[in-house]
Structures are given as structure tokens and as C-alpha cells.
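In order of appearance the chains are A, B, C and D, and numbering begins at 1 in each one.
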């Protein structure tokens, strides 16, 4: 289970590579490598070099059943999409299947698995969840250690992660009274699609790490409450399965990591459009992977807790100094994207194009000039560039220096949003809507679909209460004069 | 006793509702509901839908003696005011009364009750109370857990609650020396009424939660020291009882939650005027209830401490998703108040009209233009809108941008005031007087009427000492040049 | 020993009063009160009403030996100065004297006395004292609890006490290099008198509380190192004794609390002049006593530690509500001082006149216009007005707004100075010299005269090192361009 | 072993002096003093007065084997360079040598030595080092207590030490996207010499304290990765040995403490030039030694941990009050350097001249006018002047007020750099390259040469990741618009 750290939104920490030679010979047959998934045997030799999570983790299971490791992070159609049909070697016989099932069942549980089982039993009743922090608290208890590390990690010293949230605490309300608010409507539109609240689900990958139904939990909760979900390229449920599962009128957006080969990119975009996704959010802040030390460190810390040594030590002997190795040969993401990508995308799709990961006023201006439909001011939840300006500060910069941009395209914001007050502040400063990523991952990890319902219910209550108390009865009335940037640092109890 | 959280200044947290069907049938007789209060039996069926605390809490006591639950939060005349005479079904016979008394006496005390009893025995002698913090410390020890939660809670993460107080720490004195101060007079007038100090009691509800005599303690302490008390709509002593108990020359003000029906509002205002209250402080910052999580959470936390399960579990099974339910059907407060309310109030009363809960310079200007007699810069003690600007900062904003307003009406401030220095700073910046709410609740909870006397004595000593040390011998000499807003954040030891 | 709190620089906390009637009758003979000091019997009845520490504390020892309580806080000539000769009733006979000595010797030591004895044995060797903090750390261990409370207390929440020191952390050096500094002279003059360093001893009362030799320790240390000592009105060694003990060329200044009666004031000033003191520092920031809660609280806390009840309970029963009682009838300090006092003082003395306790730029200007010889920017070590601006900030204000003042009279600063860097910063901003009060009290409490020597040695080393490293070889070269006020708050490890 | 504190970059804390008479007579033969180093006997009598670490520490080993104490802090050629050949008295006979070896081996290890041995065994595998903090953490565990104190100490309260690093947290990135970065080149030139990264090793003395190979570890790591090393005057490996060990194309710079005698200075500079060093970095911020209390205190703290008393007590009895003693008679550094030194150096060497320790914009301007080749904005790692402005703030000051300087000479910065983001920020603001001192000491202390390799590998990865994520593919593209000084204080998790 030391593979978690090696998959992070499809990019590669250098230390995850191991020399092939170090894996026990009996698990590899000559130069081919096969594994078992759900009783099916696949020859994955050709895929070793393309696996976003690296060859090492596949080789670890060479000649063995990889089902338990495979499922939490891969959509079901992964092998079909990536392997030629000839690599499906067949199905194991029923007695072997029984043996495997037996083995998996009788397997000694790890300390962490036992801890999670216990924590799941002790979850408080759902109606006691009063805030998004409560949901996160439960999630932090029921998530496997390495899954939590992946969900919660930020770049370097996680300063940007913290500052994204702290930024909201520098904006206070200059609230207005004596305004009729008995009828208060928090609904809005996003790219023309109705949304019951001015929030959306921002792409956050690998939801199955937290709950077996993964992104489906979010999909169903959003369908019930009319909230738009942006599906991640590295969703652990396939984009086609999600599209099929969506309610008829449900709006889905797609978050795109652009492959460097135009052909691959075009194929993916057109598939997405065909599946009924309503917009493409092109990620622009992740040309290389951020330095997420918490995530990289988690298998080591976990092994220490488990007192497990056998595999780690074996691996750790053969470390490879990868200094200077470019990861560009492994990842197929486009590190050389430029503004040309916008007209090119227009040429292959009719869907609205939104840039996700704008971090400066200057780029917001360029985006408006490039004619995109919108931008998400975001620094990837503090997971990419450490010391990237908090998105709320960039929004404030736009409000101060180039408010005209806010009328030329829709401007969204994500990162650090935890309270209805956060959402209302962003709208006052000109955001059209606000994305939440981690909170949805935590909510579904804690209570599955019911957790997602609860999250939306809480946001609804908090947003509407805040709107009424600042004197606004619709999102249109959320204007810049209602907020004031203060020159002191208030204490934000929770980050 | 899980009802505390459901009554908060007369407004309703959504989670407090329970489906009628869930209450044990034997306690309800067919479709009517009766309860016993002080040996009198009342049919409260018609009142179930109007009870500001919700029907559930009444139904909990259906068919039983509700005296112990009723008394700490209701004025004695509550049932008379709210029920037709025909609903008074009679008095229970003397043997039943004895049985009830026996039951109440032999009742096993809760852990929290035992803790409070012990704490009351260990209170330090009153003369050791040197500051308002000391009084609060004692109150925090002798208050029942849920009463303390209600008194001390703020909205969301209680940031505004903390910032209200921290705001004072950004203002330092530029003190003057060589000024004669042997005679130093801290008295002033408020709306023309004399006050021995430039402070008043700001409305704070449900004083009986902390002491059996509740608001009467405050009334008597104020009478002795010539301090004006603003009585809350949700006072736990009736406004008529307080009016009767007042000393002949004692000034009382009334804090109004305006009912949405003009007729009800008019009736209440005119009753207040007839009872001799001298001004109406209309609350404008509470059209809906703030999100006070500490308060909502307190019964759960308390039950955990008591290891009590029977009732809570029963209730908690049947939670109702109230997402989107408007509370407006339950509360009769006016969510659609606008500035028209001012001329309307003028038409029904001759009393001075003051708006309590102004949170922006803009609204202060509108209030002056509307011709009210005064405003209280307040965010309801941080209990309503999280991230509302601290009142002292709004006052500073008025001082900087619209000092003319300060001459057109009286401007008061409350929230976070704990020291004589706080009061003097506010007066220097233009406040006519300063309100204290929680400190009075804490003082009377700790020592009853003597606690109120002590609070006023401390404030007198601190205000007069501060005035002398800044070089002022009367409140008129408290001018803006005596304070300086500093650009650093001093460490305020106590919030 | 509960009298400590009642004496604080000669002013009176209101709670210290007790009704005479409450003291055991047998200790008072009819209506007269006598006490024994060093085997002499005095009738102190006439002095009861004038004792700056209150009558109660004297009555506590009525009819008993008061020597142990008397000595640590009174100069030896106290009774001679304050009682008519007829009140000296005589000397007790030798057997009574033996009995008293026996009693005092065999007296059970308090826990605090035992703790102090142990701490004195464990003092580190003096040469390990590297900074003023080290000396203070030792003092905090060897000082009696109540003495430490008196020395270390500040007003209210001790925010000003802390901010005085923190202010220095907002000024950084813009240091210059390539300047010859092998010869570096830190000496200066203060009012024309030579000083080996740009520091002086600021008045700090009751040094005998920390060491039997009290102010004499400071006097001797200053004589050895050519540092000027400002002697406090409430010195625990008499001003005449100090004057006699001074070295021939030693300079002493006098800190004056002006009596309200001009005759008394004139007599005191002229006595001071005759004794050879070289300047009068008139305290202007203490017309009433600050609210030093730590000090007031210390006897109660001490009694709790001692588990002593007998006396406290007795006393505490009879608390007197002194609300509104003016202390002006007891203290003879002048609360109505105005700028007239300057010409009046000129008329009775030829000594230079300095105002100690200026807290605003405005008053600095007035002082210059009044023609005084100097001012001490000071807020009394944070013991008087809470939230008084830190003196360094007032100095910075003068530097920015009225630098001309710095040329018209000498401007000193005290409060919060603990490092050579603090001294150098103040001089760069225009101070002529810097006063240290508490550090001298702590140093002599810890090691007596040797502690004072060490303090001066440390300051010498730190000042000269700082001067060299900023590129200055004399105090004249300490100019404003060498410091920069920064807009961030650095972490000052020690306050 | 109490000598560590007495050697600090060749300067002298005053308290380290002891009177000669206090050392046991039998170890000194008449008036001459000899010691044994590696079985050779030297008469060091003539050197006692010149030893930068003081005579006391030599006298401690008079008549004894000093090898263990000598080696960690002295280059091998120390005695040859400093003693006349006649002082080499000879070699001890082989049986004596055996006895000495025996003694050294059978010597009881100190608690600290045992702790270090244990810590060395428990070092995590090198590949787990993800950041410079990790390397420092390991070093802090494996370093002897006194060595760690020397490496980590700062002046006074170590505020400058902390602020140097915190300064970086006030600069955020205004990152740019949509820029091609697949090819990203972090290399640059420093004084015309190629460097694979825009960093260099800033002089940090006494590397052998942390690892037997000391500065050689750094030399080899730099050779492998093409990083330039600045060698310290007080290197524990001799400058000639380092020069010989350098790879053919390796660039070395020399950090110079200028001797006060011009002849000595000239000789040293010309030796350095002859040895092939490529530039002279003249230290200008250390005319006297900073007040490093942690370092001075460490032998006492260590002795307490060891429960060692015999020597310390003996020494501590004879403390000498050195107040007022100038250290200038002992140290031969030039305290009277002025700008004349620049033309003088030009006259004796052709090497580029760089001033290390510029702390103000004003001096940066003077340096440019003096025509030096570069400056290092530095405050000596917070070890010299407490409250010296953080170098990054001085750089920002130059960028704001005198950006022209950045084009006239190369401007470097060191102090507090721990992350690739720190380096990139400094380059954006105009620095040509960034020096790291302590991190290299820690890295080689933790893992020897491999630690140095790892440090450079980490910096390479972090710098290149940061460059790509801000949108730069070469150091030229690191421009001021990419950073923004923010007006809030972010929380820097690690200082």
C-alpha cells in the first residue's frame, strides 16, 4: 500500500522510481509482467512505461492479485482504455479465485485499517454536523492515513494552504440593516446553467480513496440540490460512468489536464463534449507537480506506525539519485502550453473554455483578452506553488486595479472556502461563484452521499443567513461596499 | 433540560424541531397537550404553534410537571399573556401536589447540578473581585453548562466575538499631564436622563438562567448607583414586574424585537410607554438568528458529560432535514423592516427611538437622516453576523469620515467592553455612552445583586482613574486627540 | 505581612482600609495605639491618619513588635521625621527585648521564606549572568512573593508593561560599515554631569524589599562605574543617608512626588537641594495610583500558598465599599498640578527641573515652552495608565513631528529597556539618555551591589558592541538614519 | 572541552580569559608550556598570547595530549604556520604513544558523546531527506551539544536570526501561467564563473566540528554539482589543502577577515590568489564579535548535563571582571577599516573584490561608487548585530530606491535561505545569486559529502519547480513583477 504517494493527480515524485531488478524474480516471468484484478489476468508489460503512478508500484504486484490496491484509485475502465485487448490473458479458475478470496479475507488487518474500522463505528449522528469543519473532523478520523495525507497535503511547508483560508479573515462586513430580506434567493447561474447556490464542486481527484462510491456520492448529492460538479481528469470513477449516472437535468463540468499531444487532447475533449459535460476547465497551474512533502512522507510514517519493515527496507536500499532527471519524459502533460491553446481548443470544441489556476491580475487580463468564458482564481488548493498569492487577494487586486475584467468573463475563485461568510465575501468582491474541493472529499469520506447532502445544506443555511444579515436578498445585491479589507489580522480559529 | 438551546432571544435554530409523532403517546391525550406549572394545569395545545422555543420542548413535558424547566426562562405572566383563560384547567389536588414536590425533591441531581452547587460554595469573597474578568471567571464556574453556553456563545467561529474586544487594543492613549483632576466627574446624560457613569446596561436576555432573581438583580443594582438599564424583549422577568420594582426616579429603556404585525408591534410599544420605559431601542441586526454553534452543541456536550442517553437518542433518531425551510413562519419578527419603520414608530409613540445594531458608517448616516434619537453601534455581541466590523472600528470610521453625525444624534456603542479604558476610548472617539451586556449577566450570575453593585463600583473606579490619568476631569474633556490608533497589534491578555 | 500591597509608591488602594473596630481590643489601649520597633516603643496614634500605607496595617501591629514588618519598607528616620518626640515612649526592658528576639528567632518560617532561603543558596555564579534577563531570572527566584508582585506589577492587564518593551522590536538598524570604531566612546553628559554610559538609574522605590541594603547597593554600584542615580521619594533608604553615603564626585538626582501643600513641597525641595542632589525630576504621571491588580492580589495568593487563614478571614469579613471615596483626602500628592508648577519650582530652587512621565508629543511641546531643563518620556513602567503609548513611540512621534524640541531641552526615555540595542535605538531617535528602573531593582535583589556592578558591565558591553556594529564611535554619531521603523512585528523572545 | 565557546570565527568573548596562575602547576614546566598533538610535542609558549581562542584553553592542556581537542577546530598546518620550527620539540617514544592511545581509547565517554553515537546509528536513510529542514533536523540530533550551539547561535535574543528567515514570508508570488517551461535552465554565472544553480556556499567556519572531513565534504559535493564554494578564513581545513583537493575546473572564493597589519593582509591575499581562489569576499560586518549567548552558555549547560563539576568550578572561581577591556589588543582584525581598503586591495591583487556584510541601502550605494565587483547583503546569519535589517528587506529597499545599483555590480544575499522559493524571490528582486551557510554545515554534519550532494539536489529540484510554476524558464526571466510584498504576516511553519 505504499503506492498512494506515487499517484498524485497523475504526476510523479522522483523518488518513487525503483530499479526493476530489485523486485523478486519469481513474480516476473522473463521480461513480461502480469497481474490479477478481480480474478482477471492482464499482461501489463507494455503499460509499465506509461503508468502515471510509475512502473514500480505495478511491479510490486507482478504475478500477484492487485485488486485491493487497484480499486481505490482507478476507474473501472482503466485497463480497457489503456491495454490492447490481447493483453487480457483470461480469467483464473474458480479454485484459484477461491484461494485468492480466502487470502484477501484472512489477511491480517493493518493497525491503520483497524483504527479506521473503529472510527467508522464511532461517527457522531449526521445531524450533529453543524459546519464544514465538523465534517472534516469526522473525515480526518475515518480516512486511512495515506488517503488523508493525499487529501490534506499542500506544497512545501503548507503556508499557501493556510494563507488561502486566512485571506478571508482580512475582509470584514460593513453590513446594512433595514433592508427587506424575508425573501432571500441565493441562487445564481454559472456559464448560464442554474445553480441553487453560488458554489460549485471544484475538481478534486481520487474520491474513492475516502469512500467506495467516490465521485458518485458527490454526483448524487449535487443532483439532489442542483449544484454543479466539476469532474477531475483523475477522477476515480470514469467520466463516462459519471455521465451515465447523472440526473437528466444535472450539469457537469470537466477539469482538463491537457495532454501534450494535440491528438490525445482533441480526442479527450471531444469525448467529454459527447458525454454531455457542459464546460472545459483547463488547469493551468500544474505544468509540474508541486512539492507535497506530507504526501511523499506518508508511506514512511505509516510503515513506522505499522512497524512494517520488510518491503520498505528492501526498497529503500536501492535509492536512485534522480537529480536533474526531467519528469517530462514520463508525464504526458503539456509543459509548453501558451495562450495559443485557447484558439486551438475553440477549434475542436463548442464548449465554454475556462482557465483554472490563474494567480495574478496580469494573467486575468490576458485571459479576458484571449476571450475565454471564465477563469478560476486558484492556486490548486496550495498544492502547487508555495507562496502563490491567495486567490481572494488576487480577486481583490482585480477589484481594485481592473474591475472591468469582471464584466468581460465570469470569474470564480476556490481554495480555503469553509464558511458561508467566505462565499459571500468573494461574491461581494466580484466572483460569480465559488468552488469547494476538499470539503466535498471530506464530506463524502465521512458519510458518503449523506455527507454531501449535509455539506450543501450547511452551505445553504450559512450563505442565506449571511446574505440576510448583510442586508442582501439576492446575489446581485452582494456589492463591494459590503466588505472592507481591514488592516489587522483577526484570529481565524480554524484554518 | 435540553431546551436551552432552543430558546435564544426568541429565535429558532432549525434543528430543534421534532415531529410530534415521536413523543410518547401516553403524555399526550388525544390531540390535546397539557402541562403542570406550579401545581396549576394548563392546556397548551393552541400555543404549541406559537411557542418561540418550539412545540417539541413543550411536548416533552406533555402530561407532566414542567415547573423546573419553565421557571428559569419565562416571566411569571407568560401563560396569562399567551393563553385564553379557558386553558387554565385547574389546580391539582394536594396529595398530587405533595407527590410532585416529593418527586422534584428526591430527583437525582445531574453531575452539572452537583458541580454548580459545589462551585457556589467555593466562590471567593466579593471584595476580591478586582475586575469584570474576575466576575466573569466566577460566573463561568457557577453557571450551569448550558446557561454558560447560551451566555457566552457567538456566531460561527466566534471571531467577531473576539475581534469586538481586540479592537480596543488598537487604540492607545496620548495622555495629557499637568491638568487639575482632583475633582473628576464621570457622570453624563443619556437621552437627557442622568447617569452616574457613561455606561448603561445593554439588553441581554434570560438573566434568570444565571440567578433566580434574574433581571431584578440588575434593576436593583442600577437603582442604587444611578445607571440606566435597557430591558430586553426576552427578559426572563416580565417588563411590567420590572417596571413595578423600579425605584421612583430610576430610568429604564426598552429593547424591542419588532413583531411583523403592525398591530402587535403597536400594542407592545404602547404598553412599554405606559409602563414608564423612557426609550425604545429597536434591534435591527437580528432579522434572522445568528449561527451560534456553541449554543446548539451544548445539550449534546452536556449529555455526554452526564452520560445521559435515553432522551437524546430517542430524539436524535428522527431528525428532520429542514434545509430551505424558512423560519419566518414561526418567528413573528419583522424580516422586512425598512426605514419606513421610523416614521411609523413616531406615529405610535412619543418615546425616543434608537436603532440598536448599526454596523456601518453608511447606515449611521441614514439613521441620522431618518431623524432617530440615537443609534447603538453594535453587532449583537458577535452573536449575529460573523465578520461584522467591530463597533469601535465603525465608530472610528464615523469619526474619520462623518464626524458631523455625532452631533446630530447620540451614538452609543456596545460589544467587548470590559475595562474602564475601553469606555474612555469610546467616549474620546465620540460615543455618548457605552453599553455592557454580558458583564451584567455574569455579575448577577456570580453574586446576584451584590455582583451588580460590584461591577458598577469597578467600572466607576476604572473610569475615574483612567480619566484622571489621561488628564480629563469631565466626560466633555474626553476628546479625539487623547487617543491614537496604532499600527501594531498589542497583545490583549484577556478577550 | 499582608501590608505590602498597601504601600505602593505611597499611594493607597481603596480596599486596604479596615474599620478600626475590627482589631482585637487588647492590642489597642483605649484610644491610643503603640508599637515596638527595634525595642523602642512609639505611640503612633496621631500618625494613623497620615500613614501613606493606611491605618489598618499599623493597627494590625498595635501593642506588638512591628520591627520585621517595618524595616523592609521604611527608611530608618521615618519615625523621627513623622512623630513628635513625645511619642517616643521609651525602650523596653532587656528581658522583654530578649523575649521578643527569641520570639522572632523561633518564629516558624513561612513557606515563602523557606523557598527564598533555598533559592538564595542555588544562585548561579555571578559571571554566568550574560544579560539583564539573567539577572531578572535570578531575582524572580530569590524575591519574596509579595515583593516580586510589587516590583513586577503593571496596570490592569499589564498590556502597557509589555508594549513598552515590544515597541523596541519595531525599530531595526540600518547599520553602516567601513567606519573606524576601534576607539568607541559610549560616555555622555546628562544635565551637564558626566556619565560613563548614556543610561541612568530611573527612580524605583522600596529597594530594601529585595535586599537589606536596598538603594545603597545601587548607590555604590553607580559610584564605581560613574552612572547617575535618580533617588525615589519613596526610597527605602532615606535621602539623607544616601547623600551621606555617596562618593565625593557622585551625581544624584531626586524624583519628586509633589506634596499638595506648597509649604511641604518647598521644604522637601530645599532639603533635597541642601543634601547635594543635582536635579529634581518631578513625576507628572501619577496623580492617582494605577490599578495594579497583581500587587493587590498578591497577599491573597500568598495566603493561599501558605494555607494561612486566621488573619485574612477576620479582615475580609469587614470589607468596606469605598465606591466613590476619593483617595485625595488621604494622600497628600497634588492632583491639581498645572504648568504653573514650573515657575513656582524655579522660585524655590536653583536645581534643574525635569518632568518625568510625559506621554504625548503635545505635552513635550508644552514642556519645552515652559522652559524645563528636560523631560522623561515615561509611563511609569506601565504601572499607571493602561494603554499609555510606549515612550519609544512618543519619542518617534517627536522625531517625526517636532524634532526641534530635541534641541531645546534634554529628552530622556525609560520603560522596557533591557538591551544595549534598546539604548542605542533611543539615542538614534534623539534621546539624550535612557533610564532603567526595574533592572536595577532586580540586579540588587539578586546579588546586592555585585549585581549592580554586573548590570552596568553588561550594559557597557552591549552598548559598545552595538555602537561599533552600527558604525558609530561616539554617542554623537548615533543618528536617526541608523534606525528604521519596520512595518512588521518581530518576535521579541523576552518581554 | 569547554573551549568551543572561546573560538568563534576567531574572535573572543571576554569571559573566556582566565588567569594563568589558576592552572595546575605540574602541567606547566617553569614558564614554558608544551602540549602533545598526534604524538608530536610542541612548545607553544610563544603562541599563548596570539591564539585566537585564548591562552586559557591551551594552558588547560599544558603538559598533556591535546589531540582530541585540537583536531575538530584546527587545520592540520596550524602549528606549522604559527610556530617557529624550533618549537617542535620532537616525537614521543612509541610506548608513550601507546599509553596515550590507550588512554584516549579507554577514556570514559561523556553522556553527550554516547548520545551522538546513538543518534548516528538512528539516522534515517538519506533518500528520506526531502528538504533542507530534514537535513538540519538530523544534524541537530547527531551534532555534539557544543558544536550545535556554535553552529546555531545568533546574537542576543536571536531575533535577527529568526527575522532573516521570516522576511521571505512577506513576499508572495504573482505567478504567471501559459508560458512554455518544459526546458527550464536554473544555471547562472557568478563573477563570470558558471554555476549550475543561482546559489553558492557562503563562508561558514569550523566544519570539522560536525564531521571529520569538514570543509572537504562541501568541496567535493560542490565539485560534483558545479556549485561555487566560498572558503572561510577560519576554515577547519587549511585553504591550501582545499585548493589542492579541488577539481580542476572547480571555482573557489575566499572569505577574508582582514588582519589589521597591512603586511599580514597583503601576504594572506596574495597567498589566496596564488592558491587559485577566484575572488576575495571581504567581511565588513564583524569588526567586533557579536553577543552570542547560546554559544557562551553552552559549556555550562553541557557540564550540567554531564554532571561534571571539577573543572568548571575550578575555573569559575577565578572570574575576571573585564568590563571596559578592549578586545582589540588580542584580535588582529582591523576595526578601523574604511572605504580606503578597496583601492588598497586593488593594489595588491587582481582578484575581484566583494564586500560581505552590507546592511543598508546607503552602504550599497557607497560600495557601487567604490567600484567593488559585488556585495553580499548579509548580517552574518544574525550572529553579529541584533536587529540588523534582514538582507531581503535591504534588497527590497535597493529595488525600490536605487535599482540602478543592481546593474553596476553583482548583488548577492545570504541569511535565512532554506527553500527554493526563497532563492527565486531574491532573484526576482535583483539578486544575482544567493548564499547558503548553515545549511551546508548541517548537511555535511548529518551525512558528510552525501549530505552535501543531497542538499544541492533538493535545491535544484525546488528552484526548478518554483521557476516553472511562476512561469520562468531561465534566471533572466525572474523579474520583480513576479513577486509582491504583502502587508500581512504569513505563518512560516519553520524558521
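Please note the rule applied: contacts are C-beta pairs under 8 Å (C-beta built on N, C-alpha and C of every residue); 3 or more make two chains touch, one makes a residue touch a chain.
For each chain, UniProt lists the protein as follows: A, B, C, D = L-lactate dehydrogenase (cytochrome).
Computed from a predicted model, the values in this text were never measured in an experiment.
A.B. asks: Trace the shortest sequence of touching chains from subunit B to subunit D and report its length in steps.
C.D. replies: 2
A.B. asks: Copies subunit A, subunit B: same or different interface, half of numbers shared as the threshold?
C.D. replies: Subunit A vs subunit B: different; shared/all numbers falls short of half.
A.B. asks: Through what angle, to the nearest 5 degrees, does subunit A rotate to match subunit D on its C-alpha atoms?
C.D. replies: 90
A.B. asks: Using mean C-alpha positions as chain centres, tell me how far subunit B is from subunit C in Å, no decimals.
C.D. replies: Chain centroid spacing, subunit B to subunit C, equals 45 Å.
A.B. asks: Counting only Cα atoms for the centres, state how far subunit A is from subunit C in Å.
C.D. replies: About 63 Å separates the centre of subunit A from that of subunit C.
A.B. asks: Could you check subunit B for residues that touch two or more other chains and list them?
C.D. replies: 487, 489
A.B. asks: For subunit A, which residues count as touching subunit D in their complex?
C.D. replies: Touch residues, subunit A against subunit D: 14-15, 156-159, 162-163, 166, 170, 284-285, 287-291, 293, 296-297, 300, 316, 319, 321, 323-324, 326, 328, 335-339, 341, 355, 357-363, 366, 379, 384-389, 393, 487, 489.
A.B. asks: Of all residues in subunit B, which touch subunit C in the complex?
C.D. replies: Residue list for subunit B touching subunit C: 125-128, 130-131, 169, 171-182, 225, 419, 421, 425, 453, 456-457, 460-462, 465-466, 468-470, 481, 484, 486-494.
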